[in-house]
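Listed below are the structures to be examined.
One chain, subunit A, appears in both complexes that follow, with subunit B as partner in the first and subunit C in the second.
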Partner chain A sequence: MKLLKILLLLLFVFVCSSCFAQYELLQINLEIQTLKEENNHIRFSLYQEHPDTFFLGIKRNPALNFKDYTTWLKRDADTIIIISKDNFNKIAELSLRLSNLSIISGMCKTDYILINNDNVAVNFEISEPYSKISYNIWNPNYNTKERNLDTFVDICKKILLLAESDYKIFFR
Partner chain B sequence: MKVLKILFLLLFLNSSCFAQQWSHYQAFFLIISGLKQNPNYTRIDLFVENDSAIVEIWTEPFPEYIDYMSFERPKADTSYFVSIEKFDKVYELFMALSIEQLINGMNLQKQDLTWDEPTKFRLKIKVISEYIILDVVEPSFNTQERNLEPFLDICKEIICLAKLNSKNFFGK
Partner chain C sequence: MQVIRILFLLLVSIISSAQNNCENIQYDLMRINLSIKTLKNTYNTINVDLYQQNSIYLVELKSRPINNDARWIKSKIDTVYVINKNVFNKICKMFTDLSLEQFLNMKELKDLKITNDGIACELKVSILQNSIKYSFGWDIDEKRLEPFLDICKEIMCLTKLNSKKNFGKRIKCY
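This part shows the complex of A and B:
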């Protein structure tokens, strides 16, 4: 009976672990562009390369590739940080909660357009080799709640925290 | 009292007109490349201008920075008006699309790419200066498993508005 219990427990652990290992090919990119003199264009890429090894690549001034917009794997980096699977999964799961319905209705509120040097353009991508979803949002720190961008800002903050970058450098 | 009622009515009418106006800040762009036919590229833009919906079609790609920098686009091959209701139908289809479902249908396990030059679909919804882009490779492959039926429905609706035959794009 005890053996059966142990076997069941092992099976349960195995099922759980296989459930969580589903982001093998998922890549998350966060690109931030500002008009400031320093750090005006920076990209953070989160991905898995070897089994159970997750990376966060940071690239300053990434080249804009207009020729081939389907170049989805943006993995060139100046700095690479190893992150835990847990942290990667947390961000992946938060990304799943973004809703097009609420984000689009928030987009119709034009009061986020600031005409000064504090403008921030954020491009957030969730991709795998067959498909990619991109969000391009302006000044997400501005009127966040009214524009339904709470989750979006939360993801940005978590990625910047993992990258040991200060959120306030980009968003005032 | 009557005056008050009329005033309320006017206020209501005004606000409903305003709401209608807000809902037409969106524009749709469907870009299909890598088609196994001549021309192998089709771009369909759908937007509202002066209370009319406009369809524009290109069969020659133009540099992406034109879109990116909001420069004037080259002249379309074909351009005509369609009813606002048809535009609204595409918008409703887009709003009903669940990005969460799309992400759940993403292929996150390793699988070999079987196409040398796959057909790529890019559906972009732009609201003023913010946007969401869905990039999908070969959407007619494993459509159901990849939860791509709602995505295909939107593409078919736009292709139908462009008076093109969807069979040429989906190989069915």
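This part shows the complex of A and C:
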């Protein structure tokens, strides 16, 4: 009975700590590069600017045509969306759940890596002042489960949904 | 009693799934890179690569002074050392054991210690086209960075550079 009480207390402390966790200093960036003309390079940044105001910045760059430099001028205007603190915290919590061990062991499964002509390179960054972690993953949408990238792809999809982008363009 | 049994079963399943993950890791595919940038004139930029080639484990050291002035030229290094497989595997294992939550301090900005000693480190593991990179600096004396500095220390010890003199006591190995 005493053990049960301790376990319940531990569970309570764990729930409380996750409820009141503060992620305001975090900035989360997702960069996706494809070979597509339209969505060649797209970057999403989640950050806090003012107390209790969280933003999602979207920057889309088209593929550069070196014969016609004006393609660069045809890119969309940068967009900034205000997001809720809950949504920001949900993505931050999921990001902190990424496991080095599991992702590295997935990277080593060479049988499941696919290189083709429709490559998607994803760069996911979690940064705070003076520290940064970057994950650079090639084609995370292929053999996701086998490569232990479920959480990683889930985070990417959630960010794309928040940005009102169609994730199926990048992650089938 | 039944609750304890369920909890015990859960614990066993978590441990066994973690072990399954460990079994798949082939350290031979890993390439570890340590990059250190300082504000010093000698050893201004240091790059150390650890990798396996034809079953030989190598440490590649490249160091560059701030400019080509004759005074700093002794710190211009481009060399390769052969290391033991066990040492290579030990460093790879240290890297896989790093925890993301430990790395991020989530402090208030006012609590961050910012100094002018200017050391910026990057620890990167690459496996084929994929990679994970940890970048940190400035508040290098923080306790939370200990596991990361331990890896830097292990790598710096392989390069035979006097790292205490050049990078401070936290990365010393002599």
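Criterion: the second predicted complex is superposed on the first by the 128 of 172 C-alpha atoms of A that agree within 3 Å, B and C clash if a C-alpha of one lies under 4 Å from a C-alpha of the other, contacts with A are read in each partner's own complex, and residues count from 1 in each chain.
The rule is simple: a contact is a pair of C-beta atoms (placed from the backbone, for glycine too) under 8 Å apart; a residue touches a chain by one contact, two chains touch by 3 or more.
Keep in mind it's a predicted model, so treat the numbers as computed, not measured.
On the shared subunit subunit A, the superposed partners subunit B and subunit C overlap sterically.
In the superposition on chain A, contact is made by A:Leu4 with subunit C only, not with subunit B.
Of the two partner chains, subunit B and subunit C are each touched by A:Tyr130. Looking at the shared chain after the overlay, A:Leu101 reaches both subunit B and subunit C. Contacts of A:Asn148 after superposition on the shared chain: subunit C is touched, whereas subunit B is not. Once both structures are placed on chain A, subunit A residues 22-23, 25-26, 96, 98-101, 103-104, 107-108, 110, 113, 126, 128-138 are touched by subunit B and, in the other complex, by subunit C. Residues 22-26, 64, 66, 69-70, 72, 95-101, 103-104, 107-108, 110, 113, 126-138 of subunit A are the ones that touch subunit B when the two sit in their complex.
Put simply, subunit A touches subunit C in their complex at residues 3-4, 7, 21-23, 25-26, 96, 98-110, 113, 115, 121, 126, 128-138, 148.
Put simply, subunit C touches subunit A in their complex at residues 3-4, 7, 18, 21-22, 24-26, 29-30, 95-101, 103-109, 112, 114, 125, 127-139.
Residue ranges of subunit B in contact with subunit A, taken from their complex: 22-23, 25-26, 63-65, 68, 94-95, 97-100, 102-104, 106-111, 113, 120, 122, 125, 127-138, 146.
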